[in-house]
Amino acid sequence: MITAGIVGISGYSGGKTLELLLRHDQVRVTYVSANNSKGTVADLWPHLRGKTDLVCDTFDADKAAELCDVVFLAVPHTVAMALAPRLLAKSKRVIDLSADYRIDDESLYAKWYGKAHIDEGNLKKAVYGLPELCREKIKDASLIANPGCYPTAALLALAPLVATQTERIQSIIIDAKSGVSGAGKKPSPSVMFTQVNENFMAYKVMTHQHTPEIDQYLTRLAGQKIGVTFVPHLLPVHQGILETIYVSLKPDGNFSTDQINDIYIKFYKKEPFVRVLPPGTQPELKNVRETNYCDIGLVLDQKKNMLVITSAIDNLIKGASGQAVQNMNIMFNFPETKGLIS
Amino acid sequence: MITAGIVGISGYSGGKTLELLLRHDQVRVTYVSANNSKGTVADLWPHLRGKTDLVCDTFDADKAAELCDVVFLAVPHTVAMALAPRLLAKSKRVIDLSADYRIDDESLYAKWYGKAHIDEGNLKKAVYGLPELCREKIKDASLIANPGCYPTAALLALAPLVATQTERIQSIIIDAKSGVSGAGKKPSPSVMFTQVNENFMAYKVMTHQHTPEIDQYLTRLAGQKIGVTFVPHLLPVHQGILETIYVSLKPDGNFSTDQINDIYIKFYKKEPFVRVLPPGTQPELKNVRETNYCDIGLVLDQKKNMLVITSAIDNLIKGASGQAVQNMNIMFNFPETKGLIS
Amino acid sequence: MITAGIVGISGYSGGKTLELLLRHDQVRVTYVSANNSKGTVADLWPHLRGKTDLVCDTFDADKAAELCDVVFLAVPHTVAMALAPRLLAKSKRVIDLSADYRIDDESLYAKWYGKAHIDEGNLKKAVYGLPELCREKIKDASLIANPGCYPTAALLALAPLVATQTERIQSIIIDAKSGVSGAGKKPSPSVMFTQVNENFMAYKVMTHQHTPEIDQYLTRLAGQKIGVTFVPHLLPVHQGILETIYVSLKPDGNFSTDQINDIYIKFYKKEPFVRVLPPGTQPELKNVRETNYCDIGLVLDQKKNMLVITSAIDNLIKGASGQAVQNMNIMFNFPETKGLIS
Amino acid sequence: MITAGIVGISGYSGGKTLELLLRHDQVRVTYVSANNSKGTVADLWPHLRGKTDLVCDTFDADKAAELCDVVFLAVPHTVAMALAPRLLAKSKRVIDLSADYRIDDESLYAKWYGKAHIDEGNLKKAVYGLPELCREKIKDASLIANPGCYPTAALLALAPLVATQTERIQSIIIDAKSGVSGAGKKPSPSVMFTQVNENFMAYKVMTHQHTPEIDQYLTRLAGQKIGVTFVPHLLPVHQGILETIYVSLKPDGNFSTDQINDIYIKFYKKEPFVRVLPPGTQPELKNVRETNYCDIGLVLDQKKNMLVITSAIDNLIKGASGQAVQNMNIMFNFPETKGLIS
């Protein structure tokens, strides 16, 4: 049994992390904080009424460090890098759900997130928390950079191909669609019901801040520079990301659907949370909702040398809180699915 | 051909009034204003791009009076009563979509809307703009109090019964359900997509400000005091109100479904915008969406002396802007359906 | 550890029962059947892919009896009463999610369900599976009549009042709103997306088959005849029921909100799945979604002697499968919340 | 004033065509038919109650020809080609909303629609009814092949580029998303509310039957063979198509956003129904809902030589019935926007 704290429980990823940890029988949540909300958890999250007596506080690093073995940071980008060092300094393990420790190159971080990085020391030590690709390093990490929601779906969809068939890839286009919870809990015109409902649109076309995160890890996997075209869209659903990924392959003529399928099946055969779907089956948001799964579908048009990979995750679970818990399970040597497949 | 102005086009009722008037071949919109938004109509309402070159201004009573024969006030409650007198003083006709001129009794207004009335003179002269009940007075009115959305659906559903069978009515309960546009366009936690979607709840239980408006007009119709129990709910749809109205009848034993149906058919036989549905048919939001219709369904349980009336309107059309245009048509002697059934 | 079977897993309540039992660490699912669907569970319920290898069969009473300690019947009304006797004859315990054993009076059953009852012997022995009201009898029951979704929300909302304040109640009107999954999984025009989405309507006005079930148990609680007015509506959401219940009280003048609240708090104080909300708080579908909770809100208008009770459940969980699992927990002496609050 | 008939009014495109024609002051609808539905229009389309007394019949070519100047065929693919010749033989003008006369090459038709073409004679004479590209031919056409919904959005989005910059285009990928009404009105598991709501998925990945229609007209425009990669998805909305189109450009270095914008503005400057949005603005489904507009957004990434074009239409209006009425307006020399922008 370990103790855990969550900083920023008023947001979706903080609230969902709390919900997951309350179900986890090896974890006791001992500390929760939210800057703008005092009061009980039930005030913030009425669906949790009766499940916990925790009272929410403004952030206090000393208190968090005293009460917790591990602290989840579910605060906005550019805030986390101010809090993490204070917890790490007290030898606490930190899982950061923000983007602050995901981008190796500080100038790239500054460019995409609009602020200079202020914790370069820990940035170097942070481990990217995508278990399917980085499990060994996660085990001993003191600071986890929990992946972005779009990058999680993209990297799991592309990893087997990029890692094993680099030379065959000509270009990658990612057409991504996300539910509204990905935009956070703060009221604004763009996330009102009357704006989103019965609507659909692209946004940040080729300028979304998750693009360099995807590029960086694909490049690492490939051992050579890879850059994607990335266009996100806003879906009128609460939760879920579906990405339709167009991989233009070099016309070498002898690559079959079966071969590609085998590559994926083999790559993920021991993974509890990746489901490579049978040929002819497409991922659907509803099949991954409230789960930590990533479902992957594969269709190859041999004549056009075009491979279409579709991947679906729940942006709040595998794309944020579920993956954070999965990382915690690995860090503390719990069964990896604990609290996630019950 | 007349000229019209709309004050407050950034809100839903202002925007929809503009949209309707742009389709009306006897009206030219010559003035639009919005306090917080400058710029073109297309900036505020991108779906109207290409349909008008109107530029939005902050409110200027002189300019509005100079440019318009009739002005629609689509501003918040308590604001309209400060603007209307300035337009009326210049002999302009005013259609107020707010609640400011609907409640005869100023103390009741103050109690439910939280502010003392500041234009009692015009309040006495205002005509309630429910054409099916007040058509004759509307013709010559200079100031129209355009009815609330909930009261429109309630009064049209109850009028035939209350006007002709007063002595048979024992009690009236109105269970109302409204789409989210009824809550206006201002961002707040309660109207975010992630809050409303896949959700449903009651609000302002027996404390909604439309209650005294319903009571006042039923009382007027009945010629004796009538009070209703009113509970509104928030539906996860953009537009539409459905009210399920429970009328407990006195047990006098000889009142049949056919009789009730006949009363309604007769009462509304010349009305272009009220459809009394055939027995066995229920109103549905989708059948009145983007129309000025009110659909009414009637079911009587003779053994229980319980009559269930269901009525459906589009809260933005018959519940606000469409009814405002209908009132304008009557005031200016246009065919009543002009611009509304095209 | 016990073994369980589910008959009818292709429907929503069967599928959800399976999903819940797969998470229950004291139960092994050993048998599943579905008449029209052969193949794996993942073929029917792709979201369960990877969680079970169970293969679906057509119903075989001998096999079910041989493999299971308890069998859940999630088949249509009028089908269950043909299957239950065959399992009971082999001393298996049966939890029937259909309506077949809920109505004591066979002539009433025949009237509302359109078919004569064919298992009167077991009908007499069946125990109504609403744990909050019938827990002691459930412990030793061999046949559970799992309550209907609407009756569950209605009875939990009304029980404290009806059981303790019978003489004060004048009339009860239930305005119920349900998500679409309540209509089952069979395609038909009335449950298509294009029909339901952005729509809302009443149906079976004062003629819904759950009415006699509600009447019967309220009458039992009150010790005197009680009959309700019941009108259901179809909400454009997947899951959830919210009922707005109007209780007209006798005008005896001295009944306060606090008193009513105390009655409810006291009545349910040991119940793990009923949450009486703090005054001023309303139940919302989203707070009970995918949970076994029933949330209850209370508002009294003392001047009108009108009590408005709102109750919310998930129709698939507390209204069907969750309650069935709760009943199983009681029958087999497991902690009552096992598999339901994890 | 002309007379018009609609064959197949029980489907979405037939029903919407009727709704549009009832608003058109130069057209009288004199004939409607539907094979499986007798009775009044209000039985089929309750929202049209009170707007027409037309009674629906089974198809009778003689009667249709006798009563109508123009007949709209809103019947399934492979059915239209059996009906059209009978009307054309009587010198009636026909607007076919099915796919039967869109594909020049009969073998291609047979391959994608699963049936040999049976009316090759008229196939040769049919005019593709995309007014923005084929207006002159439409004027005198006796048979219009009304474009498919996906091709309409794709061709309008691509025409200016393909027609003027053919040599710069390297590849075209169309990621399309459609509302559920595109799937028709027939109940099936894939279009149930409980399947579609809160869900999203790709379907017919690179195998959708609209692909050859897109290829054929792009090829015609370019004067050289063009083939696209096309992947459709099902959106949880009633109406609307948004396509995100990735055009990989040849790296010739001197093509700016302004240039592309100018090309589009110029190409469509006289078109009443195409809106090229200002730079930085994205099309949204809600802005074209219930309109005949096609909104187009353009974003160029010069470093990657990637142009992302987004286009939005209402699949039922510009993607079917609205375009059919636009074609009728052209054929009968009415103002082109008649009945469509009112």
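A few comments on the model shown:
Note that the chains take the letters A, B, C and D in the order they are written out, and that residue 1 is the start of every chain.
Methods note: a residue touches a chain if its C-beta (ideal position, glycine included) is under 8 Å from a C-beta of that chain, and two chains touch if they have at least 3 such contacts.
Quantities reported herein were computed from a predicted structural model and do not represent experimental measurements.
For the pairs B-C and B-D, the count of C-beta pairs in contact is higher at B-C.
Chain centres computed from CA atoms place A at the largest separation from chain B. Chain C and chain D have Cα centroids lying 47 Å from one another. Centre-to-centre separation of chain B and chain D, using mean CA positions: 37 Å. One inter-chain figure worth recording: chain B and chain C are separated by 39 Å, centre to centre, where each centre is the mean of the chain's CA atoms. Residues of chain A found to touch two or more other chains are 195, 198, 236-238, 284, 286, 289. Against chain C, the residues of chain B that register as touching in their complex are 171, 173, 175, 177, 195, 198-203, 205-206, 227, 229, 231, 233, 235-240, 242, 244, 246, 248, 282-286, 289, 297, 299, 301, 304, 306, 308, 310, 312.
Chain A meets chain C in the complex at residues 23, 46-47, 49-51, 198, 275, 277, 281, 284, 286-291, 293, 341-342. The part of chain B that touches chain A in the complex is made up of residues 12, 180-181, 185, 187-189, 191-198, 236-238.
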